[in-house]
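Each chain gets a letter, A, B, C and D, in the order it is written, and its residues are counted from 1.
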Amino acid sequence: MQQILQEIYEEIRPLLGEGEVASYIPQLAHISPQKFGMAVITIDGDCYSIGDAQEPFSIQSISKLFTLTMAMQNDDGSLWKRTGREPSGNAFNSLVQLEYENGIPRNPFINAGALVVTDLILTQLGNAKQAVLDFICALTDNLNISFNLAVAQSEASVGFRNKALAYFLKSFGNIYNNVESVLDAYFHHCSIEMSCLDLAKASLYLANKGLCPTTQQTIVTTRQTKYLNSLLLTCGTYDAVGDFAYRVGLPAKSGVGGGILAVMPNKFGICVWSPGLSPEGNSKAGTMALDLFTTKTGISIF
Amino acid sequence: MQQILQEIYEEIRPLLGEGEVASYIPQLAHISPQKFGMAVITIDGDCYSIGDAQEPFSIQSISKLFTLTMAMQNDDGSLWKRTGREPSGNAFNSLVQLEYENGIPRNPFINAGALVVTDLILTQLGNAKQAVLDFICALTDNLNISFNLAVAQSEASVGFRNKALAYFLKSFGNIYNNVESVLDAYFHHCSIEMSCLDLAKASLYLANKGLCPTTQQTIVTTRQTKYLNSLLLTCGTYDAVGDFAYRVGLPAKSGVGGGILAVMPNKFGICVWSPGLSPEGNSKAGTMALDLFTTKTGISIF
Amino acid sequence: MQQILQEIYEEIRPLLGEGEVASYIPQLAHISPQKFGMAVITIDGDCYSIGDAQEPFSIQSISKLFTLTMAMQNDDGSLWKRTGREPSGNAFNSLVQLEYENGIPRNPFINAGALVVTDLILTQLGNAKQAVLDFICALTDNLNISFNLAVAQSEASVGFRNKALAYFLKSFGNIYNNVESVLDAYFHHCSIEMSCLDLAKASLYLANKGLCPTTQQTIVTTRQTKYLNSLLLTCGTYDAVGDFAYRVGLPAKSGVGGGILAVMPNKFGICVWSPGLSPEGNSKAGTMALDLFTTKTGISIF
Amino acid sequence: MQQILQEIYEEIRPLLGEGEVASYIPQLAHISPQKFGMAVITIDGDCYSIGDAQEPFSIQSISKLFTLTMAMQNDDGSLWKRTGREPSGNAFNSLVQLEYENGIPRNPFINAGALVVTDLILTQLGNAKQAVLDFICALTDNLNISFNLAVAQSEASVGFRNKALAYFLKSFGNIYNNVESVLDAYFHHCSIEMSCLDLAKASLYLANKGLCPTTQQTIVTTRQTKYLNSLLLTCGTYDAVGDFAYRVGLPAKSGVGGGILAVMPNKFGICVWSPGLSPEGNSKAGTMALDLFTTKTGISIF
């Protein structure tokens, strides 16, 4: 396995720097496009990594996986009434479909859906910001994980599209709390910084039928694990889910910070990070690395 | 003429109460659906009216005509870069077209366009709220016209869709000032209360090649008058402009308060008010009354 | 008046050749972009013209005005159930709105609406092709007007978009006759060739309360005349109706052959022809010439 | 396994008759909604079935899987230029997205995409109709499989929406052959009749890394098998792929005849048939049966 990561690293290295680094806030724009890290952790505890796998980066939309997991844990039956679970066929921050479908986001991994999920957690748990951070720290057994407050602040100051989405949802009655509180929690979740190793570890419950090997706690049921993995596959990588499933063939969630977290059920979690993005918003080198990984190992869910 | 108004009143009376009164804020919801007023004022100063023509009502979107006129007066060339002048083919508060057309509203009479116009006036004049009110008072020679602060307050507290529109415009860079200031001015303009007589009088510059007969001041040029009247005809009555032009055949602007202000170039201004609305948001009895008016008089621009 | 036409010709001449000549069929592609003609005929019979005003050109979508007039003459009440009368806010051959609005075209001047109108005439009159040609010949008192069969043939061989529209309408149940027969009639109507003088003359019933001064026959009622003129204004110039009304201020119908036919109610008909088109499909020099005309004369409906 | 099928049958039986049987052609409308069959065949040749598993039914859109497989076998590199591989987020026969995306269908499993695939095969193989039938007969080792000519005929006579799609694609240049020939082949493929046992057997190459266990022939490469399975998962069940993956968790293709063919990679093919459809067009009882199957066995790709 370590050998395979090494091979991938060699093949990817000449391509680093391709794609656009997210530039809408200075904190993301200044990250070197040459960064590349990759980590695999099996449910038995074996751990393989390469490159900048220990360096924390902005997880951004990968946080949507953890907030959804928490919303499912505490769901009183309203979750799937307030968001769908279909791929969107549209850009992640589009308002069009939301209008045609009367304020019900297509799925919890587009921004509109994640705002609804954040609103749910806010209602369920009160302090949504801290609760999500605590949850992630527990999954990784790493208490050093934290918000990047400068990032959260920057996102709030330029996040007009997300504000528009949140007020639009509110106009349809699909945000229950104060819009500004929901946005505040949402921007903080996106600002959390974790390394590839942190994320691979945090994902293990999805590879282990819902049981976190680190804490030996049941995070979600076996059936919920299947649900989460299927949602990752059909909705986890923006408007490129078809292409991603085609090339990589693993359930995965990406973020504009350049991270992609993927899961091989019953086997391992895998995380890759490289900041250069495709037009759809997925890490270019990251997608390529995962493509090489499933090709070289012959391992995929298909 | 007075005879014709009388006839119309008789024919319309049995139909009063049809349509839905705007109910999103209590101040509008409580207006009696039986109200009906109509006023005609010619450029020579002749004045005819009937029913509740002297009772002030919430002008709502009719204010968009006055804000656009002011933005044209002070235009530095950016107005028609920041908004189009085509009918929208969509609901007045739709975000869909705005997304497809990258934040340029289709015309200044849908909400998105009026928010841009308000933003322009805010930049041009500083105190957009007072400036618009002063302008309207001057046009009507009536210093009693004022904001209904309870209405402005109510709109602000439930106007999530307009907030979404404003932040969406901001995300495209098409709002320059602080979003909350723009919304505050916008909600105040909508809350202005005027009677049919006030409005008919205020519109006379549009029937008089740009010259206000009341003040003998040139409000806009002859060419700008043609522009404004053409915009009223093609964009002034929400997503029913085709039907309205077909039946009534006059340039007009409607509001959800139930008012419709129309103009016969070179002849007169005419205003009708009745709170029951069609699904598109135009006064039902008002449209019918104007239809009867142009049919009975044989006067229309076509 | 002749003096004004002369001035316009001088001002327009340097701009001839701008815009794209329609090139989807060879017969249109080969027309010289330098062509320019203009004709005005008053309801009293005065006639003014300049340039290539006597040269027949392909009227294309201007035929939609005549087919609609005929459908209104023979309407059994189904016309306005099968087509709307609102501006489309979309390209003239778009299928999008048709899908959202379940097969009811927005208005009779976009292609989908004209196909429905053609289907109506086919049902009403049997031989839709000849009936329309006969109607036009009568209006102009010119028996030499005819189809260009090569043009009709070419349109049929490349008109896949119109075929798609027609079958789409059929799938919604909004075409009653055989699709291929409807398309055949439609393509023939578009292929009719007329000069500016012919068209200005043919339009006079619209300037004369429905009475054709040539034949002294009532073509439509006064009320229907108002209807037709309003539809021309709100829907007659593709997705540029707002801008056209703003600049020109006359009810008008344009065609991709480069013709624009306009009407000043109670005064005259006016036709201009120049093949170079704007992106929306209206003659560029033609629009400019009409803009100059209404500016110089101070005559418009606004 | 047989025991599990028996349990499913018991649980499903009370629900048979729910959902709408496809009714646009008489041949489908007359099928009893009480029909239910299910078959599982493993790559080792074990075979389990229940109910009407031997009764042939109209495979309809399941044919799209076989035509895509053939197009991939013969692909010269143009396949993925002429169709995307993203879920559509829209109805299977929508023209909207096709217009916005300039004639490139979102994926090969919506009707527009399958028409392009049929056009490709027509170019590659000449006789697309017979070639597809021969391919299916070989996969199943069953020479009795055939077209239902009455069904093909009926579809052709009412398939105006598909005609519209095909001409729309042609207008974008994305159909190379004669439109009527493409439609003829397409309607014939949809009319093929197979039983659950036939289909489960035919799918085994997808569970066996591309090798057909029946014929010991390599149908597609291991990598292409992954591609096909991922496309089934993200695009195979109309606008319900997210929900289907969530509940069932297997790559699958459904048809409006009521069949659903699914694959568990490295294990087995499974087919279920029951004619009552969900609003999205998938068999209601069939989806429920597969949901029960993956829940009871604990087997899914997630």
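Assume contacts are C-beta pairs under 8 Å (C-beta built on N, C-alpha and C of every residue); 3 or more make two chains touch, one makes a residue touch a chain.
Treat the numbers as computed from the prediction; the structure is a model and nothing was measured.
Chains that count as touching both chain B and chain D, per the definition above, are A, C. Relative to chain D, the most remote chain by averaged C-alpha coordinates is B. Spacing of chain B relative to chain C, judged by their CA centroids, is 32 angstrom. The centroid of the Cα atoms in chain A and the matching centroid in chain B are 47 Å apart.
In this assembly, the C-alpha centroid of chain A lies 55 Å from the C-alpha centroid of chain C. Of all residues in chain D, none touches two or more other chains.
Interface of chain C with chain D (complex): residues 94-96, 99-100, 160-161, 163-168, 170-171, 179. Those residues of chain A that touch chain D in the complex are listed here as 84-90, 97, 106-107, 222-223, 225-227, 229-231, 233-235, 239-243, 245-246, 249, 251, 265, 294-295, 298, 300-302.
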